[in-house]
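Structure incoming, see below.
To keep things simple, chains are lettered A, B, C, D, E and F as they appear, and every chain counts its residues starting from 1.
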Amino acid sequence: MSTYTLPNIPWEDRPAGSSDVVWRYSANPIIPRDLLPISNSIFNSAAVPFNGKFAGVFRVDNRKRDMTLHSGFSEDGYTWKLSDAPIQWKSSDPDAAYSMYKYDPRVVWIEDRYWVAWCNGFHGPTIGLGYTYDFQEFHFFENALLPYNRNGVPFPRKINGRYVMLSRPSDNGHTPFGDIYLSQSLDMKYWGEHRYVMGTKGGWQSTKVGAGPIPIETKEGWLLFYHGVLTSCNGFVYSWSAALLDLDKPWKVMYRAAPYLLSPQTYYECVGDVPNVAFPCAALYDQPTGRIAVYYGGADTVTALAFCKVEEVIDFVKKNSEV
Amino acid sequence: MSTYTLPNIPWEDRPAGSSDVVWRYSANPIIPRDLLPISNSIFNSAAVPFNGKFAGVFRVDNRKRDMTLHSGFSEDGYTWKLSDAPIQWKSSDPDAAYSMYKYDPRVVWIEDRYWVAWCNGFHGPTIGLGYTYDFQEFHFFENALLPYNRNGVPFPRKINGRYVMLSRPSDNGHTPFGDIYLSQSLDMKYWGEHRYVMGTKGGWQSTKVGAGPIPIETKEGWLLFYHGVLTSCNGFVYSWSAALLDLDKPWKVMYRAAPYLLSPQTYYECVGDVPNVAFPCAALYDQPTGRIAVYYGGADTVTALAFCKVEEVIDFVKKNSEV
Amino acid sequence: MSTYTLPNIPWEDRPAGSSDVVWRYSANPIIPRDLLPISNSIFNSAAVPFNGKFAGVFRVDNRKRDMTLHSGFSEDGYTWKLSDAPIQWKSSDPDAAYSMYKYDPRVVWIEDRYWVAWCNGFHGPTIGLGYTYDFQEFHFFENALLPYNRNGVPFPRKINGRYVMLSRPSDNGHTPFGDIYLSQSLDMKYWGEHRYVMGTKGGWQSTKVGAGPIPIETKEGWLLFYHGVLTSCNGFVYSWSAALLDLDKPWKVMYRAAPYLLSPQTYYECVGDVPNVAFPCAALYDQPTGRIAVYYGGADTVTALAFCKVEEVIDFVKKNSEV
Amino acid sequence: MSTYTLPNIPWEDRPAGSSDVVWRYSANPIIPRDLLPISNSIFNSAAVPFNGKFAGVFRVDNRKRDMTLHSGFSEDGYTWKLSDAPIQWKSSDPDAAYSMYKYDPRVVWIEDRYWVAWCNGFHGPTIGLGYTYDFQEFHFFENALLPYNRNGVPFPRKINGRYVMLSRPSDNGHTPFGDIYLSQSLDMKYWGEHRYVMGTKGGWQSTKVGAGPIPIETKEGWLLFYHGVLTSCNGFVYSWSAALLDLDKPWKVMYRAAPYLLSPQTYYECVGDVPNVAFPCAALYDQPTGRIAVYYGGADTVTALAFCKVEEVIDFVKKNSEV
Amino acid sequence: MSTYTLPNIPWEDRPAGSSDVVWRYSANPIIPRDLLPISNSIFNSAAVPFNGKFAGVFRVDNRKRDMTLHSGFSEDGYTWKLSDAPIQWKSSDPDAAYSMYKYDPRVVWIEDRYWVAWCNGFHGPTIGLGYTYDFQEFHFFENALLPYNRNGVPFPRKINGRYVMLSRPSDNGHTPFGDIYLSQSLDMKYWGEHRYVMGTKGGWQSTKVGAGPIPIETKEGWLLFYHGVLTSCNGFVYSWSAALLDLDKPWKVMYRAAPYLLSPQTYYECVGDVPNVAFPCAALYDQPTGRIAVYYGGADTVTALAFCKVEEVIDFVKKNSEV
Amino acid sequence: MSTYTLPNIPWEDRPAGSSDVVWRYSANPIIPRDLLPISNSIFNSAAVPFNGKFAGVFRVDNRKRDMTLHSGFSEDGYTWKLSDAPIQWKSSDPDAAYSMYKYDPRVVWIEDRYWVAWCNGFHGPTIGLGYTYDFQEFHFFENALLPYNRNGVPFPRKINGRYVMLSRPSDNGHTPFGDIYLSQSLDMKYWGEHRYVMGTKGGWQSTKVGAGPIPIETKEGWLLFYHGVLTSCNGFVYSWSAALLDLDKPWKVMYRAAPYLLSPQTYYECVGDVPNVAFPCAALYDQPTGRIAVYYGGADTVTALAFCKVEEVIDFVKKNSEV
């Protein structure tokens, strides 16, 4: 019995007068920083369809500013109830499962279960992998890659017989560089056949780029939302846009939008623990209508929603492409 | 005749629905940046009881962005009247009293007078010491310590026959490290028997820590509010919390809260000359009721107030302690 | 036929109760970030009188965060209509006219035409020079100076038979230093007789200083509005003030205000793509009334207006002078 | 027919009067920087037994200061003849085999062939893997790991059914950090089950550590020579020492010598393209006699030899162990 | 009467067995660091033919480590007698002639006099210009360019009616970047028509490049010796090589050698005040024989000589060209 | 019975032909790096007269590169015998005597005992104080000052009833700044009345300065040898020179030599663990003859000797003074 069934996803029409391809939910942020009694902030959240409703894994920084993951559930995708305690990952091997912190999760349904990929503190940040069937019990699998790495994003199905995952090799701090690579695996445990996907370009994505939500399969290619970072004299600015990857050789970038789709401009994106951050981690896609709801973090403090239509995004990416 | 008599301190009950141990004054900030015609900002302020009312020494940055100290008076602890001109420190020795700037004062009544400790520009920041009887005339005493040092905080009485002062050795810039040390003196002039008190820990206090208001003596130990700094990719974030120090050997940390008590979350803490700063410099403590009013700077721009109860803070520190 | 005729400049009286020498327009910002469909931000704008109305050259960062220049027109100086497309600079020599980006324009009427000076990406930032007669057709002339340079500001007339220009030698990044120099030319093409004008001082101008609007000729000297930068632990803060330069030897600083005239304090100056920036690029001066309207960028995102009177500014500069 | 047969390895007795566990060859360096007409330097060299003599893969920086690999042969292990041209790696997939530079090779015989691991410029440094049977024809296999990584060192046999490799995750520059990790593989292509081996300690190994020659199997464990780096005020200093790893779980450090075995002290180690570097990449081990000859680079310029006895090294490591 | 007449230049044949295009003088260094009683070091020296013998301008750092220029004379080009006192530059305008330090001179005969270009401390390093007829009396002319700039190298004749000079825009410290640009002038005073010549490439010239001796006119183009800098983990390494520039449009690089011609490898190049520096500032060219003698600084401490033949250098540059 | 009696100090006449005020011992270095079986280096050594011979405290870095202090004895001041084990400091208070490392000792006889001051790792470097009567038993006294501090140098007698000590406030790394301050004490335990002595100047002392040997009392003032540091593009260069301080107010600099007296120029000063270091820590002064023997470290690796005459040094300092 599959637990992955797509409910009605959150949706709000484009505001009158706007021609933006992506628009914000009018009642943002949907998750405030203090939803939990112990939470300092809740953002960069991975929402997925689950049993006709929604479940997810959420980055919760507590008031020590420890970075942890919590599970959560929602009826409608807007209003979320999060577990009070962090996820306890089951594992029999303490050498493998050693973890100093956990953040920026992605969740994806592959074949028979929900896989979770996150940034795992294994003597340095790297890509932890685990899975759950029910968002109650979570199993630690293995760190897919060596440190230092962030933004591990699995594809939702095997390609050419291999599991595929994007990631962004990093360093141990506020990494001032970052390109997107792709790794392949026969079993989700051993990874190889690494390929270069794409690097920085000018402007909003001149410091680093990293994959965002799980790629969405379309006839035009894999639709990848990704973030880019610009370094102003007052720090990093995180915006996001989209690219289309080859369906068969997903390290081939077919099209890549030169402008951003959304940059930090509202109060909840510009003011908070890290000013000027809009960081997408999950996208719900309703294929029949083409509707997409993107969950993204605001100022590393709260969770917000934005909306778009798949055809319009593809059109925008192709028309504004600079590969 | 002692001039130190505790009046009714500022107080506002915890907001309905809140379970926070520390809560903000609803009409913050209490001192705006332009209270004085020449002021750019007024923050990190040292308020004390004085003659049944309140007096204080205030950090005022003028519109050159010079850092100076002004005296001030208040009937109720909320509304302050500051002197238009900076304090003129009396001294007979120009070699000793050389000063390029002055900031972040603390004021404490010890025995017969009010001592002022501040960050003094003596070819580099260090801890200046002076005293006043009336907040009209101020006497420069000596720099207690060599540069580079900040956040000098004397205890309110001798311990084991020695004056005691906390401080945070620093460097000459925006110091990216900082632990709290303690020094002892027989006469407030010569200091020695330096002891290590506590250093950085994870999360909100991972870059540096520094003592805040004058420690409050309680049966459980010296209650020390202190700030901690986290370095995000967009700069420093200043929060604050509390610890309990041994009454007799105050360099021994008995308990230390792992979560912060207050972090920058409001507009006046997040937006200003230095975004994301909440920096406490003074606390009024009403022993009979257990009420504490903490004066803290917001965004290095304005002065704000927060409230708590001593038993609740002690309870919080002990329950959440990680030493 | 001269196209330079001064219309009524924007003006609003000082707010009641204020004693500030410079005050903000009450309906700031006058140009929002998204005035153009493709604009990320519009700021650091050079407005001039043109045919009894106003024209200008504007820094427009598009949604790639490319930096470009657009022309614009206004009836009243408040409401602007900008061209949708960037200015196309005419030039016959691609080696000379190579340009990777363009930003922070100044426009000045000299003799028979409007000269435009801007920061031009010529394998590094330097001062590009061009001219227009009508704000329709723009001619690239030459880069006046070698990289790395920013804030090139020509004087509005020859002095001692030489064209004169201020500039701020820089490096290739977020330059942490910067003094104002002056260069001279017989023909606007070859520049020499470079003179040192002024460097950093304490406080708000301790990191770097750079010329702002075209200097205004007064009986007391050339009135120069200029920006200064302070480095806080969370980045650069851009404020501005004024100085008076010798009429004949304009590298001689006669008076220089030690306090700033305006520092970032409003939401649109403190929150945006680069928090805490107030950056003036143009000033309209109505000699009969002494009124001055200053156009300045807010947070590197929007364009704002401020007002002052020439006598008051001169008085302020002289009374608060520290050269 | 196996091509791996151990000839008499280079050897020179310990100098009279010395009690050092490791001693230098008296005629160092054995390979001068200009052995080839086009070579700037030849160092960090991987020598192995081959057909009863010696073969190897050598880091040769040419006079562009490009980093390349050359094959070489020797009768006696002292005198080497290198190919004039860099190794041409055969591969059918240009996406995988893209390489901007190659340096710091290790060579190991596993089962039926010689595997070569080196630092490969794949949009950043990572561990390239290839193999040869005859040191004439070299096959590119795959990059084992994602960038950024250096010092990939395979074990000479499978352990618990898995190929095993050490590496040092890095960044894209002169990495100021570095710990040793271990990765496992069923097929040399896909790698996982990453384990942490060891990190920096005080003194000579306080900045970073990295595996050196192929580990030597002994009854006491895997003998690993490794380098450590100290940062003086004038840059990095590379020394080397040894550790013993568990035979079955080679990520478990049984013993680790706290002192170095050899630090840069001679002219050819202290003066050259990078002063103060002694960097081991290969060790020949004669089991019957316990003799070990270590090839190491001097000052990133020349190749030198040092000698020791396996029992003495093991004894030293155990007696001076700090794990 | 012209004072520029070429005597027999220093010369020593290529050492037997060497195939290097450039070879060192066997008795290097020719000028020791302590030639003068007050000298700490003498290097980066500009020697020219003068009255059938040789004269020059020399960088002399005294034992304060102040950087000054001294004149010197030589009968044979090997043995130099330097003035005990620094050159006194005559000038009537103290604003223009302000100078905090002077270093790295170049000297060139143009038309009727010897022009000297050097790095002049004018509130930052820039290109000072002066002239002499007799190496006894020196006239300050003007700083050709604004700070920050180094390595100003004039061409020996007008091209297309313009004086031409190369330079390397810099910053105010140990500049980690640097490309070569060209500026033009009608009168040596006002400079414009700036053109980009060439930037960094891989390997030995990956950090910055700068022009060395005065370009030599050949049928194949202007022969430019230039230095390049590589950044190792222990600092900068200065090597040098050559390029050929178009005779008419000297900003066009026709050929550029990818390998260096000489890198620091001897004791006097590798050990001294700045290890690993070989920095050429002057070249004597004997057209009839094609002989070239290059004066270059060793380790920023002493002056050395190297030799080559013009045809061989041109051949090398063309055969190894990567533009 | 006083143990301080001055024997014949080491001495060698100035080399023929030299006019240097300070000259090196012809058989330098006097202590090789490997004098002890476990020593990596022995340098920055504090030699004093003791019982008609010599004793001292020596910085010994062992082969872990731990920094420790060893005692040593010498008959003639040239040939030293060092204890194999580090000094064990006696103390009853572990909080006070906590020490992570010890280096750069100075030793001075005051009144009745030998005081030792060194750089002590007390959660950061600071000035440790201890004493001995016999160089067999050493007593820890107290850290005189808070971290971060280095180069603590006591005066050999009380001045105006106070013990006096110089020091150089620092940070926690390879400090890029440093001035000399003075502190006073009634009891060697509590220190105050801190005064500024002198800071950096141009050239060889432009990065930082620090006191060297114990000041020598002369009729002209306290003769202070001190080191200065210049930052080249390849790191720090340590030279040394001298100043004369007022006898009564020793924070008043009467004269200060602008040139260095000795800079790193020999192999043992330029090549070693830290290239280009000459660092003086002790001086023996024979008043009747005016002879001075200075012990200084070479390249942070070995110990060397230099000689001078007190009148000549005083004459040099006064003639070349720039205060």
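Here is the rule we go by: a residue touches a chain if its C-beta (ideal position, glycine included) is under 8 Å from a C-beta of that chain, and two chains touch if they have at least 3 such contacts.
The model shown is predicted, which means the values in this text are computed figures rather than measured ones.
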Could you pull out the chain whose C-alpha mean position is farthest off from that of chain D?
C
Going by residue numbers, if over half of the contact pairs line up, that's a repeat, so tell me which of C-E, B-C or A-D repeats E-F.
B-C
Among the chains here, which has the CA centroid at the largest distance from chain B's centroid?
E
Using Cα averages as centroids, what's the distance between chain A and chain E in whole Å?
55
Could you put a whole-Å number on the gap between the CA centroids of chain D and chain F?
42
Residues of chain E engaged with two or more neighbouring chains
234-235, 271, 275-276
Run through the chains and report each pair that touches.
A-B, A-C, A-D, B-C, B-F, C-E, D-E, D-F, E-F
Residues of chain C defined as touching chain A within the complex:
33, 37-38, 40, 61-66, 174, 234-236, 271-276, 300
Residues of chain E touching chain D in the complex
19, 202-204, 206, 230-235, 237, 258-260, 263, 265, 267, 270-271, 275-276
Residue numbers on chain E that touch chain C, as the complex places them
95-96, 98, 122-124, 126, 142-149, 167, 169, 171-172, 175, 177, 179, 181, 183-187, 189-196, 199, 251
